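Following are the structures in question.
Note that chain A is present in both complexes that follow, paired respectively with chain B and with chain C.
For the complex of A and B:
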């Protein structure tokens, strides 16, 4: 990894260093406690009966045999759970969702939806008793594709929402005059594109444990990215005040966005525990994470753009259709974010966008890294390569000419502050000697005559917050203890990204103490300040700034306290490495512990401060340069080498940032080449709902990734200019692979995943 | 996971009796890497498992120049994979072993278990068939030895009668000037089930192919031989044109189905591509 820092503002002691994460030791020794490790006395195990039909009305459910089965303690169906219509995605400040879910309904909307739940003394007994529940269905006509769902007369999946199976009213964005733009164009490119349904495949399947105490308070352990949202919606649906719901989450095995819904099993677990007055644990099988977890929205996109002969983009007309699956979940957010994102990336003054999102009788799609933008930037980037070919230009040069610049209006409606994309592209072109790659000898290797090599580029930009869709708020509380150590309380979840380490680094740097002296308390909604959830690439940017604000305040208090003890003015003092000293007389100092601690006649100090930050938007940028091998006989595409050049502003923890980039690339290779749900078009059943036949690339498939992180475009909204990195890498890799395949074999693909069979079929059609 | 009863056998006779007496839904429990997953995924209904890992004499690996390599039912994939002898004399088998599951799975799974599961896509079967392996079968009344190519009767089905237990496999020795190859085709490089697997074992005599066996995995109800393609190659110098026509012939000889892993057409195409590549790889190795 190479971090290129052209700007120098100050010297950092902790920020910008790959300090040892405080959770590594317990993780490698297996001692870190995940939700699934929690065991409570008398704990029951819950299981969900899932429908083997995609669209139906439940005529009857007979649970008598299941209830009589030895070890079964409770069975819930739509007949005995509260009937409360609620959101699947409980983003508290987003007005874009329709309440469309019941805990259990008398209607089934996708194959695999839960229709009943059992609590039993063991997981095996609960599992066995599932077969004893007898459900009689009245089958309803089902739709599995958004095109079919949009047809007049298509079966309606919900009776709420705008109607016609729309999840929300169409999102329309107009800038400039598209018709006038096309009139100026020297040539027009038009194409249809589509994207599959990749699954985030977080390592830790969804799991929760519910326990009610004697005061009717619910304690709820769950693997969630947004514990306060889970608390809020559980309280709302169960009719409890927030004081009666405590949500706990310690370590997590990933989420990638998908663990920010409030899931059906979470309500059912709480209700089973309430019914039995015993703790209940519910843990998904891997199969269940596919049918009842969340995946990326499949899409159909039509894109028409007008270009001048000098490469200027003069008009963009785009229609996007997202497939929400059976419920709204993040459909509205994904549609809005994905559609509006297409105003940008490559500058164009005349833009007309229309985004739709439709219900289908398929598993629910939700938030997933790259939130709608993976879908919408894939066509934008590929069509740029097509335009370059038409113009006889190098695609990278054409992209360089058209990428957004500082001051351009971003999708959020704000002028872009940092101007990182041009720098990323140029840097990659220079580092790789891109011209020589373009002009290389293309004769196949005589030892592997069936292999063709190709190189492609892909660009992306992504916000470090969900603004303006959601007005976020980051909170942090920082306490200084009497021994000089510091405690940070944060609601930000620890998905495994190292977010808590970054936050501790920020506090230590700002306050002037050692990194090792900062402890982080998180994951207990009764203790930590309110948090919106860990998503939108915003934790470091948003909560990091809040933590820095709180640290600024406690630093001032520590200096006041030391000033009293040293009998100087606070302004005369400085604080680094846990030592307070007189700036003009460094020999006069005392440790933070001495400043904080009690001395004769003076009790220990109690220094606590809160930071609250409500950001707008910043953007991170990346250009990916990707080399592939295509086997002309088998159609197998192997990604050999990726040079991702990212601008993420100030880097807090280089290795963690690099890890995000490498992981995003790996995940993006998956959805571009191998990963997709295979859903039976007749029944709606997911045929590859498991890790055997859902093909994620593994370590052996990983290419050489030479990460370059630029700190060229810091954003004033983040701590010392830091921006997000979580989602960015998964966006640019896809089009870079598709463009590299074209470079290798001269065939354009407008969809993902691009399978070996697609490659062979296209080669045959081309007559190769 | 559904509950099942666990039985441990100390002798083959005891194991055989348990298999007979406990009735349907009773299965031998060896490495367990397939069986336990199938129970958990509800792919197989199991009431009883009979653990044979404690039976003495089933862990041996014996090699002699005339009879070849014999390994017992408890020999793990990993153990065989790491043997220098296997690497040197049975490189096709070694490649198949090394491509099966993960290191952890290979250290638990047994070769005989992989064979007896009788999956058409099992990696170890094509090289063993191409090498002309025999399978040793115990029953309480007699022992029998069956050519592996005749062992399978369908997906998951074998000639084993109730109470019969496979005790080991013998692979004949590799002759001079022999060459072997196994090419596995899947979507990723590890932890993968074969979309197509092709094994070739051949012998060259003064530049002429004196014998060749081609075994095709995942393109039929069992692992298949390609006898017509083999016949086209025997007695030739394996020049490019002959290899190409034999590979085309192998495409005609296979009977693939379409499933979530690949279409039948794609599998057939891959038989053509991989048969050609495997013959050339084996030919190169014979030199």
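For the complex of A and C:
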């Protein structure tokens, strides 16, 4: 349940300050240990044989030559690994997963899928031996587009699931009466939209190391956002109790959501280590990170909305189709979240939504920052701009009129507590003097006559948890040591967001000690309390509240101990900056160290408490204002300036929060203009699985970003009203760019990425 | 075939026994044990493995270890001027939040060091251009630009 007490107002000592992040010291010195830096004695190297065909049955597989190759220690195929049907993303508290994969199968479902694995004494030997594995395939007809997969008679990719290549039954949401809504409308807008296949392209390729000990216990280092999920699924598939799997992850080089599956290579690495009785490391190449990683679900969306002449939205009818790729992975979650999200953002009483997710013979799509909502809010926001034009209104004003307000029913089914979106939009309109931007002189600069300038807005809202799809649980253990220092144990992953620093700030603030006195232990499933994983923008909201709850408890115990030593009642004491003092008599005090340490007749103490929190949901909001230059000769769009205005409730660490927003904008610019992981529609082969051909915005491409964070609508569910921030920025930036391009050149685009070729073609068609 | 390569790493004479096909990156990480230099792509696209060889920044994944014979190599592990003393860039990266996941950080710090060594008063454009071979996927670069500008000012102040 959510904590529904009023948000405590106080003067903060540590929360709200950009304290130095401890983990960053290790990162700037090169000492931070990532999974790929771990080296064990006798370690072998694992490699995966990948299919060069998109859909096929394996007729035979001959590994004799590979096994005989000097240095090769083991080869695994579907014939000698356990055959256990399992989930790709088995969030243990989720109801929306699809069990559709085996470690290795006698069937190939996408180009690049693993069909065998080798452990050898070096990476080079393992690589060479891959070529010696002989696989004979019986090719099957393949489908590469969800529309084709949905056709009657389309080749079936899986035997499981609802059939017809559906990953899950269609998700339907009905509120109000859509037909009656359209009947009231003064005009109706209808359009089809589509989104490409952006890849998270985190800097650290997937990597894991497996090591078994004599008691048949598996120790498993892996770059994951969800170490307990990996523990659970490895144990289930390998037939082990949870006590026999220990998952370790210290630093990780990004994930952005995509490192929350249990991947094929992780099972294979564990099995190769078991087979050889030696540690095995398996590290993806950059190419494999694309092919066998997880991308955002491509989508096709049809949207029809009815408006009144005063700008009121009276009906919304929307059909969404997501491409899951060859396996379910996060397809169900993305479809449910993305579809239900479209009930909201812009208020409308009559809504009919239908979301489908289909298997295709393409690489697997998974979780990625903005989880289904990037796709569904892009059309909602662009169509709002179209309606504004039809009405002769300023798009920001029309959005302001229609944005969700407090008390409206959120996608989660709960009334929204804060209504930060209205405040964000209004703030941006005010600080930018938006009206004068809209009414500016649009004559091109005579020195650069081929450049057209445009401004656009985009809005978003996003939950600070995965509720109700996943019923999360946050846990924290706080220990006060005998010298007055404090240890926080958390299962939350260190993706690089600064989550551990924020958690330590929360503990220090609540307990009343210095930030420097709080140490954080994480990344070892044998040691830290259970954690659901770092996703859904929820770590600060969820684990932060659990940590605050644990800190409240240890604080009370510290005060009781000090009361005993000071010979007063605990209620008479206060604790701040690591000093316990008598509230009415501040001259009488002792340090937490003195309270905890030994004194005559009183032995030293250790105090431990746990916090467990099961939240519902809060929402964060943002409005982005974006300026672009469109080059009429080359079709190149340059994003010049972005003013993102975010409401994320109470800010714990301002610089880290800004960093999330600015990084999300970078990725969102890429998704909207240049990034698309392209799969050949004839063969299913990846065409740009590398960092040169997959174009991301780099240092030369970044606009000026003037981040504004408003603590507009704190939510009682988070620590002192804190909400999530990780996913929000990537959602709002996309439509703000698309709308700015329209403002610049008068051409509407309903898809992403909007490439220079698209722009030149559209300008030619327009006759410009 | 293995060969012994003699070189200077972070000011110290070292030797490495490496296969002739081994990259400088793999030699540094696996043979010398300097894992601060990261492998993000192994084909020269991302800049995570940037080290400085004889004063020039290179992608260590694109240079053979045997080519480093007799040369001077600087890596992230040598950036600190002393134990417990950070290079102004390292300190500025911490203060400004210029490192998130940190995987690109060692390469970017080495590239930034080279940039400031050559050009103590870089313009914004100089900094953007200087980092154009280093991919950062977390920060949007904004905090990295701030940190480099701030370090440049501090280094300038320290000199005068």
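The rule is short, and it goes like this: the second predicted complex is superposed on the first by the 760 of 768 C-alpha atoms of A that agree within 3 Å, B and C clash if a C-alpha of one lies under 4 Å from a C-alpha of the other, contacts with A are read in each partner's own complex, and residues count from 1 in each chain.
In this section, a residue touches a chain if its C-beta (ideal position, glycine included) is under 8 Å from a C-beta of that chain, and two chains touch if they have at least 3 such contacts.
What you see is a predicted model; the values in this text were computed from it and never measured.
In the superposition on chain A, contact of A:253 is made with chain C only, not with chain B. Touch criterion met: A:497 reaches chain C, while chain B stays clear of it. In the superposition on chain A, A:756 makes contact with chain B only, while chain C stays out of contact range. Which of chain B and chain C touches more residues of chain A: that partner is C. Look at A:656: by the touch rule set out above, it reaches chain C but stays clear of chain B. Look at A:36: by the touch rule set out above, it reaches chain C but stays clear of chain B. Of the two partner chains placed by the overlay, only chain C lies in contact with A:21; chain B stays clear of it.
By the document's definition of touching, both partners, chain B and chain C, reach A:692. In the superposition on chain A, contact of A:426 is made with neither chain B nor chain C. In the superposition on chain A, contact is made by A:700 with both chain B and chain C. Residues common to the contacts of chain A with chain B and with chain C across the two structures: 124, 285, 690, 692, 696, 698-700. Listing the residues of chain B that touch chain A in their complex gives 1-3, 40-41, 185, 187-193, 260-263, 266, 269-270, 273-274. Across the complex, chain B is touched by residues 123-124, 127-128, 285, 287, 633-634, 636, 674, 678, 687-688, 690, 692-693, 695-701, 756-757, 760 of chain A. Of all the residues in chain C, the ones that touch chain A in their complex are 21, 29-30, 34-43, 45-46, 48, 75-77, 79-80, 86, 89-91, 93-97, 99-106, 109, 127-132, 134-145. Contact residues on chain A toward chain C in their complex (touch as defined above): 18, 20-21, 23-34, 36-37, 39, 124, 200-205, 251-254, 256, 285-286, 495-498, 655-656, 658-659, 662-667, 690-692, 696, 698-700, 702, 705.
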